[in-house]
Amino acid sequence: MADFTNNELITAYLSRQIREDDLCFVGVGTNGRAFTLAVGMPLAAVRLAQLHHAPGAAVYWGNLLEPDLSVIPEHFTQDTFTQWQAAACPPDTGVKCDMLARGRFDVSFNSAAQLDRYGNMNITAIGDYRNPKVRLVGSLAQPEHFAFVRRPLLLMDLDARSFVEKVDFITSAGHLSGGNSRREAGLSEGGPALVVTDKAVFDFAEDTREMRLKSLHPGVTKDAVLAAMSFVPLVPETIPETEPPTVKELAHIRSDIDPNRILLKV
Amino acid sequence: MKEKLTTLESALSPIVSGSSVAIGGSLLRRQPNAAVRQLIRARVRDLTVMSWAGTTAIDLLAAADAIRRWEGIYVGLFNYGLAPNFRRAVESGRIEVRDFSETAMVARLRAAAQGMPFLPIRTLFGSDIAKVNPEQIRTFDCPFTGQKLQAIAAAEPDFTLIHGYAGDKYGNVQWPVVRDTDDMDQPFASGAKRLIVTVEKIVPHEEIKKQPSLTYIPGNWVEAIVEVPYGAHPAACDTLYDEDDAHLRDYVARSKTAEGVKAYLDEFANALPDHAAYLEKCGGLAALAALDVKGRA
Amino acid sequence: MADFTNNELITAYLSRQIREDDLCFVGVGTNGRAFTLAVGMPLAAVRLAQLHHAPGAAVYWGNLLEPDLSVIPEHFTQDTFTQWQAAACPPDTGVKCDMLARGRFDVSFNSAAQLDRYGNMNITAIGDYRNPKVRLVGSLAQPEHFAFVRRPLLLMDLDARSFVEKVDFITSAGHLSGGNSRREAGLSEGGPALVVTDKAVFDFAEDTREMRLKSLHPGVTKDAVLAAMSFVPLVPETIPETEPPTVKELAHIRSDIDPNRILLKV
Amino acid sequence: MKEKLTTLESALSPIVSGSSVAIGGSLLRRQPNAAVRQLIRARVRDLTVMSWAGTTAIDLLAAADAIRRWEGIYVGLFNYGLAPNFRRAVESGRIEVRDFSETAMVARLRAAAQGMPFLPIRTLFGSDIAKVNPEQIRTFDCPFTGQKLQAIAAAEPDFTLIHGYAGDKYGNVQWPVVRDTDDMDQPFASGAKRLIVTVEKIVPHEEIKKQPSLTYIPGNWVEAIVEVPYGAHPAACDTLYDEDDAHLRDYVARSKTAEGVKAYLDEFANALPDHAAYLEKCGGLAALAALDVKGRA
């Protein structure tokens, strides 16, 4: 244990969720830890999947479809994106929206200010919508991801302020109030599949659709996980350990994908 | 063809307090910031603003207390965090918001372009975005399948403001072949009622007409076109110049308080007569050239 | 009289229907006389308007917006269109459709296999739709022109087979059964404005919306007109003569617009 | 990325009698004629065919008695007149037709691309096009304004066939900057279920990825890509070669009778093993080069 970093653990875990020919949505924004969560680890995970077991896996990143992930630049200014090579760069973002609504995406990487027991997420407002305590960014395509992507993967650091019993505003409808409520609302099956955090992985119970502790990262206790959440998830009797990265996966991450630690920096 | 080349002051003078204005660009690209500073100088107030992923342009207008209502997919400062002035105005109740997810906003723009009062989506079932906005998002039954769908009302702003790369005096605006297309400027332009475009450079029509498929905004749709070099500053214009990191950091720092940003606005908008003075204030073209990326002609 | 051709007369007449800043739809197809009617005279008329009184008048032709009409090539093969210079060439024909539905067009030039008393037109089928005597080309954007263009101008040679009491199939809804029937069907005001033929010009009566003889071309009699129609249009007591082209208009047509007689050939 | 380069035979083998097939191109441009000749060789029958302005591809299929139903905006031969074989088949009752005006057909393609069962228009009030087709065109009330609108059912063909300029082995297809854009190939591709593309030329992916915005059909949407030089012959591929006037005149002349066109089909499709043999039959690449227009690389 501990001959890999937490980010490497998460990246390798995520990469194993990606299957051959999957089309994966990755965001473009932010910096610092948020960049690592929203961009760095997702890109590294898809690239690892491409090198390791899913050569046909593809990314839609910004408005670049199948960008060349073989070389990662040091800095991400506008011109980095402008000059990035890719298979396609559709005329406007509407094309990506159509592909979402058409069900062409298999995986998305998502994170939120708030996530609740049933995987509903909020990136719009903390407090009352019309008189918010904190106005957040809005919605982007996060509602589309939960509505249309086959396996949305949430990637968030575990924190009692983020993992709440009920989100203040449902930006993206997850499993709503559980059970069959998502289908009854008019949404297709799907919705959030896994929540991958810095301490543990969660899935959602097949029947109630409640968040359920799926595995603990090496060295993390159940109590440490529960202490970092504002609600108590389903906890099975035995909780397996999150499978650590293999030597081969680590070699890919360190030598081929992110030798300069741009993607998994913080 | 009709000549539409004019000044920023003249082009924007029809936009008065209470107007609704769609603002193009996305994230730190092609924000029509020169136009926005002119609106601030003109003391326009109570705007209803629509945007895709709005950053500097929206936050500047919010800082100047020019916005009454905003509708769109995002306002923030991309990798510079939340939009401090927009956030403050929403939290204080001065700006009312209505959020639209990307397919919903796309539906709004396309509906306008197609002359339709609405377009259908099926994204927002279960989302509070639909719940808080029955005026613009309604459930109805598909006339063929009977399945539930959501009708999204067309975006019908009085004015649309877009910053582009190069255009001619007739208002034809072209993009370069390689560019960052992660935006909705063409759909915004397609559905515009009164379209005002600023461009980095005016070029001869003879250049435009050699490659007509690069024209993404036909002059036929345009009411006025204005040449404003570095018109997106401190944001970027992809293929020409990058975002101004130092300026943006300074802006964010000064935006910590309402007083701070007031001083910033006085300095960079109100106290200056025009865009040329702004460029001088930012160090002039020589200093700004440091932001240029290879390829600027 | 007769120091101008019939095509010159029609072209000059059409050009006077075009006002400053009008956006005009012109088709691209066919050859021989059909080319002159669908492409040649319309292009020449808009160009004449640009040179004469409406410098801001524009054409949408094929998928070219504001094509350069200053030089007309000898032949129209595909490459002629590919290389034609224009202000804009939108990404696909959907853009033109949107502009039609949005009401951005002022004038269109139309012709049809059949046109009836109320300006309904047919380019779809002669006889029964499901078992036609003659299957025609379909519809193209002809329904859009009558639905959305402010002043559709029909340009057809007068012929009893074409000018019929009732079209076999309403491709484009004109004034339907007259009176207020067009509005009652859900269409906006507008519909066919003028019918310009080789013998006479017609408009539609303000109240009944019946086709009405508006002017006779120099040298043409009322009887010659009626003999070439399968229905009797409204005929006013006095019928003016179609205003002939001026010397200036003729000079533009002959010297500037169509010196090689490509557009007004047959 | 996944390699999708294959042969015409293999790419088209999933299309069997009774399939529905959308066919790209418009007028005399980019008709996927090589693919159509392969379908004819394969004796596919009873197709439901959808098209924009269809010419040679549709008329050839009609001549081969391969079409049971057609839906689209136009079938003709552009400046060569009506489509003789399509016309004969419709008049004899062998082909059932459903006409759509341009905004209606655009709505069908966009609905499919957007994952919607329909899109609204307001073009066809009073038109018999709507009257004869209540299955695909229905009046309904706008959920906001109450005004009458027409719902147009999505186009959902089993297969979509498009002929393009150049692509890579992963199926990414690019267009040249200057081109004739008077078609709906990109919307057809956007809404396709199973998209089969033929291109004039396969180029290295390294060339494609330098100018990603020229990719109008991303490989991600494509099931199979095939290299077929002069794949639109006797129609044109704009920027590469013009229509073959002599061949088209001969085709029209021989199409005066069903027997005449039968002999044509035997000679140019059925008796030939593949597209290479067709090119030889047409005089080979040397003869076809006479159709080239400047710019062919």
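Letters A, B, C and D mark the chains as written, and numbering starts fresh at 1 in each.
Basically, a residue touches a chain if its C-beta (ideal position, glycine included) is under 8 Å from a C-beta of that chain, and two chains touch if they have at least 3 such contacts.
This is a predicted model, so every value here is computed, not measured.
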Using direct touches as single steps, what is the fewest number of steps from subunit A over to subunit C? 2
What chain lies farthest away from subunit A once each centre is taken as the mean of the Cα atoms? C
Quick one: report the Å distance separating subunit A from subunit D, using the average Cα coordinate of each chain. 40
So, in whole Å, the Cα centroid of subunit A is separated from that of subunit B by 29
Sites on subunit C at which at least two other chains make contact: 64, 89-91, 97, 101, 148
Taking each residue of subunit B in turn, which ones touch at least two of the other chains? 103, 114-116, 121-122, 139, 178-179, 181, 210, 212-213
Quick one: do these chains touch in a line, a ring, a star, all-to-all (complete), or other? other
Pull out all the chain pairs that touch, please. A-B, A-D, B-C, B-D, C-D
Spell out the residues on subunit C that touch subunit B in their complex, using ranges where they run on. 21, 23, 55-56, 58, 64-66, 68, 85-91, 95, 97-98, 101-104, 148
Interface residues, subunit D side, partner subunit C - complex: 26-29, 52-53, 72-76, 78-79, 81-83, 86-87, 90-91, 93, 96-97, 99-104, 106, 109-110, 121-129, 131-132, 139, 148, 178-187, 236, 238-239, 242-243, 245, 293
Of all residues in subunit D, those that touch subunit A in their complex: 1-2, 113-116, 168, 170, 172, 190-191, 205, 208-210, 212-213, 215, 218-220
For the subunit A and subunit B complex, residues of the former touching the latter: 28-31, 35, 62-64, 76-79, 81-83, 89-94, 96-97, 100-101, 124, 129-144, 147-148, 169-173, 176, 181-182, 185-187
Please give the residue numbers of subunit B that touch subunit D in the complex, ascending. 103, 114-122, 138-140, 142-145, 147, 149, 151, 153, 177-179, 181, 210-214
